[in-house]
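See the structures that follow.
One chain, chain A, appears in both complexes that follow, with chain B as partner in the first and chain C in the second.
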Partner chain A sequence: MHAPATSTRIGQPVPRKEDLRLITGKGRYTDDMNLDGQAYAVMVRSPHAHALIRSIDSAEAQAVPGVLAVLTGFDFIEDKLNPIPNKTFSMHPAEMPLINFDGTPAFNVSDYPLPADKARFVGEAIAMVVAETIAAAKDGADRVVIDYEPLPCVTYTVDAASPDAVRVRDEHDNICIDAQVGDAEATAAAFRSAAHVARIKTWVPRVAGSPMEPRAAVGDFDAKTGRYTIYTCSGSTLRLRRDIAIVLNVPEPHVRLVIRDVGGNFGTRGAIFPEQPLVGWAARRVGRPVKWTSERSEALLSDYQGRDLAVEAELALDKDGTFLAIRGSNVGNLGSHTGNFSMVQKGVEIMSSIYRMPTAHFRARAVLSHTAPTRPYRSSGRPEVIFVMERLIDLAARESGLDRVELRRRNLILEAELPYKNPFGMVYDSGAYHKVMERTLELADWRGFAERKAEARKRGKYRGIGVANYVDTATGIPREKAELTVHANGSVDVVIGTVSNGQGHETSFAQLINEWLGVPIDKVRLITGDTDIVTVGGGTHSGRGMRLGSIVIWHASNKIIERGKQVVGLLLQKSPGEIAFSNGLFVAAVGGQSMTLSEVAGAVTSRTDLPPELRGPLMAECDETINDAGFPYGCHVSEVEIDPDLGNVEIIRHTTVDDVGRAVNPLIIHGQTHGGIAQGVGQALLEHCFYDASSGQLLSGSFMDYAMPRADVLPFFTTEISEVPSTTHPLGMRPAGEGGTTPALGVVINAIVDALSDFGVTHMEMPATPERIWRAIRGKPQRSRIVPDAVEQQISLT
Partner chain B sequence: MHDFTYHHPNLLSDAAGLLGGKPEAKLLAGGMSLLPSLKLRLARYSDLVDLKAIADLQGIKRAGDAVVIGAMTRHAVVAASDVVKQAIPALAVLAGGIGDPLVRNRGTIGGSIANADPAADYPAGVLGLGATIITDRREIAGEDFFLGLFEVALEPGEIITAVRFPIPLRAGYAKLPHPASRFALVGVMVAKTRAGVRVAVTGAAATVFRLTQAEAALDADFSAAALDGIEVDAGEFSSDIHASAEYRAHAITVMAKRAIDAALR
Partner chain C sequence: MPTVSITVNGELRSAEVEGRTLLVHFLRDHLRLTGTHVGCDTSQCGACTVHVDGVAIKSCSALAVACDGASVTTIEGLAVADQLHPMQQAFHENHGLQCGFCTPGMIMSAIDMVRRNGHDLDEHTIRTQLDGNICRCTGYHNIVRAVQAGAAAMRER
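So, the complex of A and B:
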């Protein structure tokens, strides 16, 4: 752990100033928002995975006392509202583009927030009941009669990609994109010359983001001005406002979006969700504000879910263990909507991770299925492919007889080789990949493992250790803007387009201001999430909050200082070049007279003897489009113990070193890493959105069946931060937090497989439940009832 | 949650009276299963008769060769009870492993056994220790109490007042928790009594049951090794996304051995 903070500047582990407010119940989450005359909405959700909607009879529901309205997709279309727009690809210039191999455009269809034609997953909202109370709305919802004609469904990823699969959209087969990336010929040649080939066929199952705060939205409509106000929780402000305006069919200024505290996101609210425009529409229809708050079981059914990638991959090595090529096929499950193809875009472009890889070729497909829509979930696509790469290396070690650490050493990109362009065209900026791995091995006492293993065996336990390196690609919406205003009382307002979803921006962004303007962090007010104030900005996703926020705050701070020097120069009768600024004080180089930042802020608004261009509030803004990507990387080592009688896994140690370039607040970074590890371990051992293949029913619809990781299944972590400045960021920063998750899946499974190596086990599917491990030990098929049979099917490589 | 009328009588007789003639009335003990089912609108009752204010239903006492636990005694109270820890430590272990602290501070022994969840811990304790269920009308042997999935031998309006556990010579409880709910995927209570060894299994089937094949082996030799050759038939066992019947059958022998080890410690 860190020594306590000695200041509140950049690099200090400053305790989060928002924590007291949040943990004493004084947060302002969406459900805390209550408007005069507010009514409540409850969604009627489909019990079928796939069904025609023949008719909806709401007469009985309308008659329930307190029910104000029953709204359906038919009403929605009649009101000339629009379906939800999709942004299927990242168009970021640093990102690998994906195009259909036959040159046709990718299939993209916009879905209505309430469909009028078909239900396409269990839990899809089909009607909305608005009432005086939640209870009345639920009574009404029970009485909405929907005449469904159930149809066959497809839920599992590989099945959905089959040419004769049941279609989710009548007008197109389920394959929305079918791309080939890399160099097929060179890759095939490399494989022909390979001395060793490691192969894996696996499925990274679907998981639920499960943020603590359920999704919620409150809609208000001002009939006089025709303006909507939507209070909600999201990762973005302006993009969400644009999307809501599109759905409500009004110009953007007719929507005001307000986001206050947000209790987690992880991608579940990274994009517009149906209920956000629906509450606005309902408010207009009933003439009163309307609130909707998800319940937990509803969240498990209808939140955007994550992962769900089927992969078949091969790694070619020469006789010394040098990587020659990687090839394979990734199939990502989009669920029922063509929302976002990130899992096969980001989920292919770093398939080779931070290893030297001369050539590669992959097929990337994204498929529709009758399941809840998926979206980028913490570290979108990357944990999946890092899992595959790190598993392949361990399999290659076994295949070739080479040591798995040595194999990594031999192929990790050297510092001198950076910047390095990987075979998918991604350019890694900088880093000390070897040093970070060696440091992690040292912290985890890799050398002492054999002794610990022997000791465990005496107790009847099988101990295993695993190592995994990773890289993340951080892109996201490139444009961000900061507006800084210094007040005469010494406080600073920062208006910015990011939104804290729990990352502690109120503290870390204030540390930037403290560093650059010398203003105490409790005098910094971060203003976000209200589109009446915030005019530009991309939100918080893809490791862009601090990465882009820091740049625009820095530039705006410098503008404040420059203007301050001019003012002080004038007032002290010096040239601006003779004025220095540090720690909030402008000082004349000669004479030593000084003015504080707040005195300058007072002077420019009160003195009449300043020239017009220096008069007026001491404010500055910076609006920049930053097209550089960030590449955080690092290494995890995990050590587990397995009870062979039951297959139970205990994680004994988990050690990480994450390179964040430059740490603004190490305390916050460690906290995010801890949470990230828990999410990765959750997927490796416990979590699974389980859809029954024949009925399409979600069998993990509550926390009684969906197994979340808890504190008592995790050890105390050892997390360390490395700071090799990024060369694609003017301040050297890389994103943090996602690194906790990205390699965690692979490293935990590698450790488990290592523990089971004496039993001849070479691979474990996720989640590595006790039963699966018990089966693996006994040489039984791992799937039992837990994995769909289809996972055994062949994924075509061609 | 649908509307209901809430009662909280101070006397057992009043509680019985409030239930009388109301087919849609329900007793409320700790509410740890009942309240979620109401909130999820899976259940609907005209009246809820809360037993929390009835002093007679509280408390733990030693009565000769038995421990008597009032029906409304919370799991946390049983887990922390010196009387239980001294007389039947396995029962304190069982109670201390139910759910999480929130559940243990609200849930009651009477509520748990009346609900008869197939994966609840207490039924294994009742059957394994050979306890007797005391109601406001009669006494029911644990043997005869659990009839099936959420089904017990209580008559309409009959109220459990206490559970009487005979003190065994030795006993141990071992549980393989469900990864999400922390109910028992498999829970085994093994007790050595003057009348012989009793082995009760919860979590594996629709209702708690005795593992007679293990009892016979343990009567001859009360040690984990005595179960080495035992193969439990998975035939009627539960299979779900967390564990197959086959795995549950295997886990029964493992947990039974651990329960024996605990009993011998």
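So, the complex of A and C:
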């Protein structure tokens, strides 16, 4: 437990301001929004993974009492609306660029929110029924007759990359990008000189981000002004408004976007989803507001999914265990849309993690398949490749006979070597990689493990321990803006382009204001998520909320202080240089006269004797484009116990040290780490979006089939914060939202493999279900119903 | 359409509903008590948990007409005037929530757990008996702490 907060400044574990409304049922989630005269939409979704849409007959549906409209992709095109735009790459200057090896442009095609030609995954929305009530809309949806011609499909990543695979788009094969990065020649030479080579072929399966609030959107259209208002849940404001305006074929100011409380995101609602523009369009067509709320089965079918990376990789070492090179091939599954290639961009550029790696070479492909589209999911790409790297090190330890911790010590980058450019061109800023690992090992009592293992064996249990280091690349939309207004009553309004999806911005951003302007946190009002007020900003993704938010709030606060000093100097007949500011008070160095920040805010709006440039509300803004990346890093140790008769895994302890550079609110940061660990453990042990390979049907279509982590599969965690200031951030901060997840896959599987080492097990595919573990213990192939034989045998990528 | 009369948070509320109306939709759509959430539709996630005659149930799994004459407490009915219920206070102090969507159900379940098991709840009891409530944000760590603290605080109430 943390010591309670002693103030509300930076660094204090301040309980959250937003809690009060959320624990009393006064949250304002999208489905809580109700507009007068509102109608309800229900989507008719494709039962086929791949099918031609021959025709749609809506007559019977239209006849259902209460049904107002049945809308299809044909109507959408007739109304001259546009497909959904994609942003396939991160163009952030700190990011590794990804280009086709033959120089051709990457394949990118936009999809309609309601396709009129073909269905390309089970669950794709094909028609929308709008009615007086949800029940009537459902009754109508049951009566929409869609004449499909089912076609063969491809779902698994490696199958989809095959040259003779069924195509998702007629005009192009499934491979949207095929890039080569690093130095092939130097890498080949390094491998020729290697004393040891560790190899892995693996598949990091697809998971469903599953925020607890199902997606929802309410659309309203004002016929007089031609303006749409969309209420929805998202990680972004202005980018989403732009994309909705593109789809609705109107100028951006004709769309107002409102985001209130958001019940989780994790990347699944970082980009525009089809229903957001559709409710606006429907509202215009029926002349009434229209609400759509996803059910959970719809969410599992049609939310943006995450991960799904097939990897073949090799690590070369010399006889002492020094890393010489890494090489391999990553294939990421995009699903049916060319939405985002992050899994092979972010998912290659830190393949070598925070280890010294003289050279590397990777092939990176992103492929289409007849499955739901994938998007970046909590720490996009990085948990996958950190899993591979940390597994390779344990495999190398086994192959070379060297100790796995010693192998990490030998190759971890030293503090003196930073900044360090990795073989993919990424430049790590600063950090104490060794200290953090040693501290984690100490906290986890690594040395005492042998004793605990022996004790467990007496009870018939097999105990294992694993360690994994990690680094994250935090980039995202580089531009952010803050507008601060100080009022005469002492309150401060902060308008900013980020949006909280549960991370507690109302509290942590208020702590910044308390630190810099001395204003109590309950007098700080954070205003986000309404494009009528917020004019610039990138939203919440890639660890950018606090990282960029702090910089623009800091600069704007400094502008407020500078202007205050001028005003106070003038009123007290001093020069601004003689005025000091701290804790909300301007004080003259000589004489000691003072004015509070709120008195200054009052003076500038009421006094007429000030020069014009100092008159007017005490406000300041900062609009900056910050092109530096952040590199949070850390270490996890996990300890598990396996019941050999049942194959069950129990996580006994999970210990982490995460470097956040400078902690603003440790209470929130530890919470982020806890939740991140649970999502990583979920993927390692339980979760899998399981598509039947022959039919493309999603068989994990409800929470009865999709295994979400519950309270009884997790222990209390030991989490510690390290604060080595980042040199790429003016305040030293690193993001804290993804570190819990990034190494969790690797560390849990390393611990399981360690526990099973006596059985000769060297690797475990995810999710490590009891069945798979039970088979591994008995020397049977790990194949199970989870991954068809064919897929495991086909993971051959070069 | 049948008329149902349910005492909700101490107030008698009557409405005409379709026979197929679930209790959760009666609360959310007819009474506009939107603190009770729908998270899964298959009674797995517990976001819709309310108390009916003092016992926690998943309001997505009960028809409104089946609750005719009953007394229902929702998350909106826990705080007395400005005084938070000890379990609400414990979730706040222990950072037992992030996005807050599962939180009303968690709190309603936790209070019922105290009714069933008393005020001294060990970690194992809390974790196993919370398996009908899913949270995606917190990893449950601070929820378990909050339930433990809230249960103890309820004794002093």
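Note that in this section the second predicted complex is superposed on the first by the 790 of 798 C-alpha atoms of A that agree within 3 Å, B and C clash if a C-alpha of one lies under 4 Å from a C-alpha of the other, contacts with A are read in each partner's own complex, and residues count from 1 in each chain.
Methods note: contacts are C-beta pairs under 8 Å (C-beta built on N, C-alpha and C of every residue); 3 or more make two chains touch, one makes a residue touch a chain.
Small disclaimer: the values here were computed from a predicted structure and weren't measured.
Colleague: Answer with first, second, both or neither: which of chain B and chain C does A:Lys319 touch in the superposed model?
Modeller: A:Lys319 sits against neither chain B nor chain C.
Colleague: Figure out whether A:Leu686 sits in contact with chain B (first) or chain C (second), or with both, or with neither.
Modeller: Only chain B is touched by A:Leu686; chain C is not.
Colleague: Looking at the overlay, what does A:Arg199 touch: chain B (first), chain C (second), both, or neither?
Modeller: Touch status of A:Arg199: no partner.
Colleague: In the overlay, work out which of chain B or chain C sits against more residues of chain A.
Modeller: After superposing on chain A, more of chain A is contacted by C.
Colleague: For A:Glu771, decide between first (touching chain B), second (touching chain C), both and neither.
Modeller: first
Colleague: Considering only touches as defined above, state whether A:Ala135 meets chain B (first), chain C (second), both or neither.
Modeller: both
Colleague: For A:Ala678 in the superposed arrangement: first (chain B), second (chain C), both or neither?
Modeller: Second partner only, chain C.
Colleague: Regarding the shared-chain residue A:Leu22, is it in contact with chain B (first), chain C (second), both, or neither?
Modeller: second
Colleague: Looking at the overlay, does A:Met212 come into contact with chain B only (first), chain C only (second), both, or neither?
Modeller: After superposing on A, A:Met212 lies in contact with chain C but is clear of chain B.
Colleague: Quick check on the superposed pair: does A:Asp645 touch chain B, chain C, both, or neither? Answer first, second, both or neither.
Modeller: first
Colleague: Residue by residue on chain A, keep only those touching chain B in one complex and chain C in the other, then list them.
Modeller: 135, 297, 703-704, 708
Colleague: Could you list, by residue number, the parts of chain A that touch chain C in their complex?
Modeller: 1, 15-16, 18-20, 22-27, 29, 31-32, 34, 135, 210-214, 261-264, 266, 295-297, 501-504, 667-668, 670-672, 674-679, 702-704, 708-712, 714, 716-717, 740
Colleague: Could you pull out which chain A residues touch chain B in their complex?
Modeller: Spelled out, the residues of chain A in touch with chain B are 135, 138, 142, 297, 645-646, 686, 688, 690, 699-700, 703-708, 769-771, 774-775, 784-786.
Colleague: Any idea which chain C residues touch chain A in the complex?
Modeller: Residues 18, 20, 28, 32-42, 44-45, 47, 74-76, 78-79, 84, 88, 91-93, 95, 97-104, 107, 123, 126-128, 130-131, 133-145 of chain C touch chain A in their complex.
Colleague: Sort out for me which residues of chain B touch chain A in the complex.
Modeller: 1, 40-41, 176, 179-181, 239-244, 246-247, 250-251, 254
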